Amino acid sequence: MALDGSKPQFKLLGTRPNRPDGLDKVTGRARYGADLNAPGQLHGAILRSPHAHARIVSIDASKALALKGVKAVVTRADFATGLTGDDWNMQENCMAGEKALYDGHAVAAVAATTPLLAKDAAKLIEVEYEILPHVTDVDEAMKEGAPVIRDGAADYSVPDGLHPNVVRYYENGKGDLEAGFAEADLIVERSFKTEAAHQGYIEPHACLAQLGTDGQGELWCCTQGHWFVRQMCTAALGIETSQLKVTPSEIGGGFGGKTTVFIDPVALALSRKAGGTPVKLVMSRSEVLRATGPTASASMDIKMGMTKDGRITAASGVFRMQGGAFPGAPVDVTTDLAFANYRIENVHHVGYDVMTNRPKQAAYRAPGAPMAAFACESVVDEMATKLGIDPLDIRLKNGVVEGDRSTYGPKVKKVGLIETLEAAKAHPNYAAPLGPNQGRGVASGYWMNWGGDTSASVAIGEDGAVAVTVGTPDIGGSRASMALMAAETFGIPYENVRVHIADTASLGINEPTHGSRATFASGLAVIQSAKECIQKMCVRAAEKWDIDPDAVTWEDGFAKPSGPNAGDFEPLSIAEIAGEMSDTGGPIAGHFEANPGKFGGSFGTHVVDVEVDPETGRTTILRYLVVQDAGKAIHPSYVEGQFQGGAVQGIGWALNEEYVYGPDGRLQNPIFLDYRVPVASDLPMIDTVIVEVPNPGHPYGVRGVGETGITPPLPAIANAVAAATGVRFTELPLSPPKVLAGIKAAKHA
Amino acid sequence: MPEIHLWSGLRSLADGKEVVEVEGKTVRQVLDDLVAKHPALAPAIAAGVSVAVDGEILPSNKAEPVDEDSEIFLLNKLRGG
Amino acid sequence: MSKIHVTTTVNGDEVEYLCDPRETLLDCLRDRVGMMGVKEGCGTGDCGACSVTVDGRLVCSCLMLGAEAEGKEIGTIEGMADGDQLHPLQQKFIEHAALQCGICTPGILVAAEALLKKNPDPTETELRYWLAGNLCRCTGYDKIIRAVMDAAADMREAS
Amino acid sequence: MASFANSKDSAKLGGCPDHGDLMNYHTPTSFSDASAIASATSGVTRFLAGGTDVLVQLRSDLVTPDDLIDIKHIEGVKDITQRADGGWDLGVAVAGAEMTEHAALIADWPGLVEGMDLIGSTQVQGRATLVGNLCNGSPAADSVPGMVAAGCTVTVTGPDGSRKVAVEDIPAGPGRTTLQKGELISKVHIPARGENGGDAYLRFIPRTEMDIAVVGCAVNLRIEGDIITEARVVMGAVAPTVVLVNDAATAIIGSTLDETALDALAQAATAACNPIDDKRGTIEFRKDVAGVLAKRAAKIAYGRAKGEAQ
């Protein structure tokens, strides 16, 4: 579908009305995953492996079951058998089978009459383990002799001779690397590492599950995508999808980490075993950190060549991605997007998906992209510095524009990288004076965005008010943007639209709110559904006026004769048409089901100023600017919110967040005290500039904005620290001990 | 005829070719033809790929039309957060 | 099994509950009193989602036992609005888009209100340090800080 | 004295058919009663004041006490009183927030109070106490170096009555104290500030708030003219317990805190470190930063002693 050129002036899009769910969320009324109770419910608790890698010899739950009030214990034996591929991985991750594969891996679960009793009972389940050697580092896991997590996990893509822990291999490239490097005046080659970071949503996973022995069930849970939950749960339990109705609660953050399941199949299995009694299961924070998320960690080698005047001649990268005890690290995105900012003739990248004894990685905001950006944008920055070229200028010179051949193959469509660079250059932050021990860093990043399975409906009420029903949970204000797009399309007030998030029984399947797709894809679905309503209302008006439906137009909430030749009739409002709908053909509703493409990627450029304490190595963020292409900002406040939130998550990942494993393979920092996400006093205001290069693939020009924002911060901050200290750091996080050691080493060198 | 560009890792499964000329008017038809010409690619295609037709990434809709002169790139299946 | 009987005041109303000695005030407020606006994000006092006031003092309800609430005055997000009249902080949070997912919002509102009672004219830095124990993963805090500062200015003008 | 027993028998895990983990909650109204309860029990005992460590341990399944003794029902535990000699007595349940709202206490002992104030969030400040921080036994406890530097003592009440103990003699190692079974701290005593004195506490954390100290340093000193005549320097998080570093004090006594004295101070502070490598910092880092913080804290304390606004 083409950009709607007939509507250059929007009445509502770009305004900032109050979000429809605002009142519920500031009064404590909004109901999140853990906020629903069912009469007679039981409470679940999960027993988790304290070992990084161990064979489960036996499980004896008799002592737990002997407690009064304990109603059910489940182990892997209570789940479906015969699963393969991703379904098997998901099931195995929710409940260990033969082996516990990481510290925190679920091995059994119990349902009892109170939460404390369930917790106590879980401790009484006796598990005999045979402890196996473990590995938690990506480079170690690839070495000969490293413990094998699971034999036979590798797919077709892995060449012979690699360690069985390498389960996927990806190689892509074009041009002639050798010739490209030969042309270069400057070649920089460096290796980089990033640690795993957790999505860090403040709401732990929670659900309320009921599953009868008749195979019919209901599930209430916090999720980014309840159809995904339904598919996974029914697969894990061996029931048909239609038998399970999943209703999403309000969701307390997800950032990718709630696009899969961890506890939902377990709660359903407990309910089934307890004879269909509802079971509530809520994770603790330490369970969240030990057994859900995090993102992959990475080990990367980058080599880039540049001419004296700053043209990139060649780039190559090797990306080793650690995704925990299962296949699925985002090796493809990391490799394909590594150099995607640039027009480069000669490129080659190789990616390895590597298993270790860590929790199964889950998607985290632009999964795979920030690590690659850290490596690549650090090297580009170093080259710019060495050649004495302004870092924005070097990106302006090499940045992709429409028609360029992308580094990963296809031609580049209309994108806004150059516009973000120009806006960053013009921003006062880029000219702000810097003091001693201060430095400025720049980096750009990209996310290609997503369409995906999408289903929505729009229905007209008897009074002309509009009910919009979508299947993408509202994580960050998407109800407001849906209502704005519907109201804009109908030409009615924003307040006349109410947006609902449907359960899995009420719409066709929907992918989750992920891939920065909700405003694009559900928005598109809402607009198209609204247009279908409008078309039907025009038919009703035409019938009333006894003229051809083609002679009726829709304008600002009214059906009107399209011109003097169509006849002279008083315009009919949406309310008037709705009031008569029973007598004019019945209900009026529109719907949309598709898997839309043309989602239009989003580029962003960040500029950050830091100060590094040379005596302690601590980095303070002084100023932060996010410039990003939104295509069209439907509700600018929530677009800015995405920019700011993404940037701050990136700041955390760059400076202090990391998974720390001890020699015993146990996670050492499974609480927020030591898993250090940024706090309010760590940060300045996060300045934003919304660039709008409309996406031709959306009627209002929307591009997804959620993910790009976490991609530039890692390199931007590393580049700023390099400018402030004169030392190039290649391992994240830039924690004070690391930075101070780097400063000291440089002094002695 | 439409051309399908393969990522490097796939080329060994297609007699070393980087570009394969295929027949078909939809994504499904050209992928079927690709596998018919190079059966070793079957597991890779079955594992799921994203397809970019003339620069536009099509997540999974195999009914999307392909023109005579379309430039098609296979990409690893992409996923967001 | 014997439980502890507690009589306490929540948002001005007297309530009674029976609790296990191991249950936290957070558990009791949610499961025994039905104040679901009080959220659990960590259970270890690191995230502030369960912030309430006890005799006017801001605390994490996960770091206090339910049994300790005997005779106290507890304030939660549910008691913040005056009937159908939102507190200026609540109104400003909506207007400034100071929430995305909203899970941290009740705790931050309760914490911000406690600050403004003590200091009606905080600097941005004072506010940021006061709220350092309230984690928000969505917003990067920017719009939260703006909303509180704006509400504070309005409240000063109104008083 | 009220006592709520959740169950009577000693059966913990597995022994009791009704329930698993049990905990008795006691609310004595005198320290002798509290001591008697603690003396009588054979299981794990914890005293509950602010609870900011006890509840975390309970929640994390690290420690589920058999008997939890809430001491906040004892008269006087929330009092801050100035003695006739100018010193201060603090009740054991005085929360951090109550100290930071006490202008006269801050005027006397800004460093001691800021050490307390650095613990946790605003919310934690509403509950956390000096004594809880001390008895938790963490070498990284933020309030302890300041107390030791000030020369604080505590009253320990036990089955055999009460005795006064220097704060530095309480910690015995990570998570351990020298308190005996049935003993608990019943009062904190802060010396009189006296003339021309100043104290300061600084800690290093990766973020600006909410972290456990990677290194902490308290300095308390007195001057005559520009010359330092008395000093106590205490390091935190660099050894199994907080360390009173006499060499560091010696390095600045008799000086005007000139560069030479500061360098000697830093060296002595670093030399006193016997830290570990852990998730919060490396040995090398802790040693380096110990010297840096000692200098910075000494400068603040010196400025305060001179009456300069800080």
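Residue numbering begins at 1 within each chain, and the chains themselves are lettered A, B, C and D in the order written.
Note that a contact is a pair of C-beta atoms (placed from the backbone, for glycine too) under 8 Å apart; a residue touches a chain by one contact, two chains touch by 3 or more.
Treat the numbers as computed from the prediction; the structure is a model and nothing was measured.
> Which chain pair shares more contacting C-beta pairs: C-D, or A-C?
If we tally the contacting C-beta pairs, A-C comes out ahead.
> Taking each chain's centre as the mean position of its Cα atoms, how many Å separate chain B from chain D?
Comparing mean C-alpha positions, chain D is 67 Å from chain B.
> Return the distance between the CA-based centres of chain B and chain C, expressed in whole Å.
55
> Could you put a whole-Å number on the gap between the CA centroids of chain A and chain C?
Taking the average C-alpha coordinate of chain A and of chain C, the gap between them is 29 Å.
> Which positions in chain C touch two or more other chains at once?
20, 22, 43-44, 46, 129, 131-134
> Give me the residue numbers in chain D that touch at least two other chains, ranges are fine.
Correct list: 18-19, 21, 59-60, 208-210.
> Can you tell me which residues of chain A touch two or more of the remaining chains?
116, 199, 255, 284, 671-673, 678-679, 681
> Considering every pair of chains, which are in touch?
Contacting pairs: A-B, A-C, A-D, C-D.
> Show me the residue ranges of chain A that touch chain D in the complex, using the header's touch definition.
Those in contact with chain D are residues 63, 66-69, 116-117, 119-121, 123-124, 284, 286, 615-618, 655-656, 660, 668-669, 671-674, 676, 678-679, 681-682, 735-737, 740-741, 744.
> Touching residues of chain C toward chain D in the complex: what are they?
Those in contact with chain D are residues 1-4, 20-22, 24, 43-46, 48, 51, 54, 57-60, 62-65, 67-68, 111, 114-115, 129-134.
> Across the complex, what residues on chain D touch chain A?
13-14, 17-21, 59-61, 204, 206-212, 214, 278-282, 284-285, 288-289, 292
> Applying the document's contact rule, which stretches of chain C touch chain A when the two form their complex?
20, 22-23, 27, 30-31, 35-44, 46-47, 49, 76-78, 80-81, 86, 90-91, 93-97, 99-106, 109, 125, 127-129, 131-146
> Within their complex, state which residues of chain A touch chain B.
155-157, 169-173, 199, 255-257, 259, 330-333, 336, 348, 363-367, 408-413, 447-452, 514-517, 594-595, 597-599, 697, 707
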